[in-house]
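Here chain A shows up in two complexes: once beside chain B, once beside chain C.
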Partner chain A sequence: MSATPDLTPDAGPVACPHPQASGTADRTVRLGTAVRVEVAKLVAQRPARALLTLAVIGPVLLVAALRLQAGLPKDTLLGRQVRESGLAPSLLLLGFAGQWLLPLLVALVGGDIVAGEDRHGTWPTVLTRSCSRVTLLWAKVLVTAGWVLAVVLALAVSSLLAGLALVGTGPLLSLSGEPIPPGHGVLLVLAAWASVLPPALAFAALAVLAGAVTRSTALAVGVPVVLALVMVLLLLVPGLGPARHLLLASSFSSWHGLLTDPTRLWPLVRGSLVALAWAGVCLPVAFTVLRGRDEPGG
Partner chain B sequence: MASRCGAVAVGLLVALVAGCGAGPVGRADLESALALTFDHLYGVQQQRLGRPAAHDAGASATCDKGGPTVPDQGTGEDWSCLVSFVSVDGALHQVTYELQVRTDACYRASGPPSAVIGAPRLATPEGDLDNPLIEFDGCTQVL
Partner chain C sequence: MQAHRDHPVLALGGITKRYGGVLALDDVTLQVAPGAVHGLLGRNGAGKTTLLRIVLALVRPDAGRVELLGRVRTHGDAPLPQQVGGFVEAPRCYPYLTGRRNLELLAALDGAPLGGAGESVGDVLDQVGLGAGADQRAGGYSLGMRQRLGLAAVLLRGPRLLVVDEPANGLDPAGVRDLRALLADQAGLGRSVLLSSHSMAEVQELCSDVTVLHRGVVAYDGPLGGLRAMAPPSAVRLRTSDDGAALTVAAGLTGVTAQRHRSGGLSVTARTRDRDLLVHALSRAGVAVRSLEPGDDPLEAAFLTLTTGAA
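Take a look at the complex of A and B:
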């Protein structure tokens, strides 16, 4: 499949309306067109397709491996339950996902979506073909957010189904020792996965910023992943106090509150606010950097 | 203007998180979480053994960190908690758990296999199952 966007005739104008044309409707059409182009570009990339496939197959292999191996991953929260409850493997994966897996999966696309144009030297092309710089950047941000949703959904559904199919529907013991019936447990696991969306989106914003600043895909992917690992290490420092909650790595574990008795929802709110703040700082800076660039044709 | 609003918003958030943020895990936090978790897990153990689960063990816990000279709060592997509970036959029992408390306000409790809480594996009607009271993870409310 070529990287040429495949636009159906009724999907709106291929070329945007005149950039100077104002009006919300025009802007929406232009953004819609730009999003479709960016989606087509992402879907055309073999690494992106491979990563999404991995996000579907990987959890199945993980659950199968946990099922077959002799020992239990007791060092991880809920790890001792991976052969008793089909819900536990999904939450075990969720624990790892927040440490480095999600930042990596998110940064691989979020970092390349901006820096890739530098890598291929295609800024002049996209900026002449597309609309204003801001519209194009919004399209890239929206497509990255869609990628984050797709990856989290793939990991969540795949690990949950694999767990229920290979381990069974035994009750999960909560973080207060209470047996959670499978029906309610499935909802809790899905809610737990949903709770990692805000920090994952914040890491995507970090990757977009890193791509805008460094113009290098390798750095745009590497910087968020290294930052994620540094944050995980910082969380281990006892002297950090409440400041630890300002780290995105802490937002990734806010789902623990869903599994205690009584349920603690404040960590989820706090984690989402913190993630929003990270994205709220990263994205405007990324936009400023990219708008300030001197690109031919822009 | 927009950037100033953003800076104010981030500042407010920092203050909110720092102000409403959970402090270090204290003795009372750990004691209430451990007692409740023990209650639940005792019920699970009894159920696995095929006994009626509708028994309230009424567990209570007394915790200490690192002996009398160490303040009883914060993370570490030197927490020790004495859990008192009433077994199904009505007798009062006590068992000591060693606790590792982590920075994420969750903990791992390990108890000695004994006549009180049983062996690491339980011989149950459905075959050998893990004894949930020997080693378990839990979280306090200081999340």
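Take a look at the complex of A and C:
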């Protein structure tokens, strides 16, 4: 409580924040404004800043650790090349990220951007302004997509630069065993990172849906991460057949086709379509839930 | 505060809301006149907060009509009309932002340029007495400071109708006094207030009209004076030198009902004139009157009468 209460009528008429407030016309806030508000909220949160910092610094530490350790991670894809080609550590991280790291990083924001309003009890606060529910939800989805882009970009650029700086520009051997020149290799590594954007966005949509349905940040983050791990395990199950391609974990590994000779683009297309389908189911359901539900919270 | 019932700023008609098998509101109808402070009374669970949520478009009614500022709400995706503002229960904010930043973002969601509503934000912060704490993180605010911030967020919209739920919660006595002054001032400016409150003193001081809800049904809707007039004759507490003898004396008088009070003394119900006659009679009978204490407040008595027992 402030020391000097001043809720007095002497303070004069309430100032209107903008001219329309004293008129009769209602205004609907545009999507761009709602996006800027969501960005401002996200940037103000320490966990989000810390995660982005981690996405920049983490790969550098990983590459340094790989360079310093005695053995090689031979049982991982391209693990034998991490001290020969500066491109290999980035792809090693990419393979690892697709299993649970990216689902976790995107769910931490995608889940909380919706369920956080429940956690703070702020749905009634924002829903009693001049912004429609749909605009608000689109803003949250777009900011989540921006977050996914930022995290993937940070991981890709950081791991690539750290690899080239600490390991060198030696040629990368493709999965078929042919050497890939460094210049072309850099483009392939960036393309490989770009290929995980669709499944990462699909996991973000899953987190948004989990947040809308459960109203719980813990579940909104936990559900996508657990699903990611379950999908990875399902890929190990023999006899799954073509159904394995419907799993987002499969989409996360579709970049392998870029490192074969000849290049196989169909897995990339299929993985993107599968991710689009997942997002295409999750987001409309999330919107329906959020638009239709009552807000009983304070 | 002159009521203009022909053009209410808020008109609810036949509002019904059910949560599962529980009927939270049953055919609730009320109107709030321009410039009026309209009290909403009811015991816990009477449906007050549900009704306020329906007014603020946070909850959709199962049936009924909500007319805000002359326009019927369709319960679609349209945001709350610009000139309506309010909060239910404790107002909430983003704890990781300062109070000022919270308001700046809310102003942006009202259409102000992001960061461009500084003057208006400063004005409302000063108005609610939160200027000194405006740059602290809201997560460290006391309940009273959060109430002030919530009220500032409402005022920021420049509303013609303020919908507030127990706004004095958490405020110190000076804050309560200033809050009441502010609400009265808003009414003086021609703005209407729908005020949910458990404080009879607050309602008596501010409200021109009241609606009493009991188990989701309107038990009373009308002027405050009308509710007060419904109060039963109030019982007074009588302490004497000999309660047994006093009971015998009272039994001999018409218009006087007396019974032993569970905490000692007698509980006497009588009109003022009959009560005077009782005091004289006791004196003649040699029974000394040691104290005569006032009974329930008429408004409180009327409220309790309306909200006790079956709906």
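One rule holds in what follows: the second predicted complex is superposed on the first by the 265 of 298 C-alpha atoms of A that agree within 3 Å, B and C clash if a C-alpha of one lies under 4 Å from a C-alpha of the other, contacts with A are read in each partner's own complex, and residues count from 1 in each chain.
Here is the rule we use: a contact is a pair of C-beta atoms (placed from the backbone, for glycine too) under 8 Å apart; a residue touches a chain by one contact, two chains touch by 3 or more.
Here the structure is a predicted model, which means the values were calculated and not measured.
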Given the touch rule stated above, what does A:L175 touch, chain B (first), chain C (second), both, or neither?
-> first
Answer with first, second, both or neither: which of chain B and chain C does A:Q69 touch in the superposed model?
-> neither
Return first, second, both or neither, reflecting whether A:A243 touches chain B, chain C, both chains, or no partner chain.
-> first
Check the residue A:A40 against both partner chains and state whether it touches chain B (first), chain C (second), both, or neither.
-> second
Tell me which partner A:L77 touches in the superposition: chain B (first), chain C (second), both or neither.
-> first
Between chain B and chain C, pick out the one touching the greater number of residues of chain A.
-> C
Just chain B (first), just chain C (second), both, or neither: which does A:V134 touch?
-> second
Which chain A residues are contacted by chain C in one complex and by chain B in the other?
-> none
What residues on chain A touch chain B, complex-wise?
-> 74, 77-78, 80, 84, 173-179, 235-238, 240-246, 250, 253-254, 256-257, 259-262, 264, 266-267, 270, 273-274, 277, 280-281, 284
Footprint of chain C on chain A - complex, ascending = 1-9, 11, 13-18, 20-22, 24-29, 33-34, 36-37, 40-41, 44-46, 120-134, 291, 294-298
Chain A-touching residues of chain C, taken from the complex the two chains share = 53, 56-60, 69, 77-83, 85-97, 101, 105-112, 114, 117, 119-121, 123-124, 126-133, 142, 144-145, 148, 151, 153, 155-158, 171-172, 174-175, 178-179, 181-182, 184-186, 188-189
Contacts from chain B onto chain A in the complex sit at residues 2-3, 6, 9-10, 13-14, 16-18, 20-24, 33, 36-41, 44, 74-75, 103-104, 106, 129-130, 132, 135-141, 143
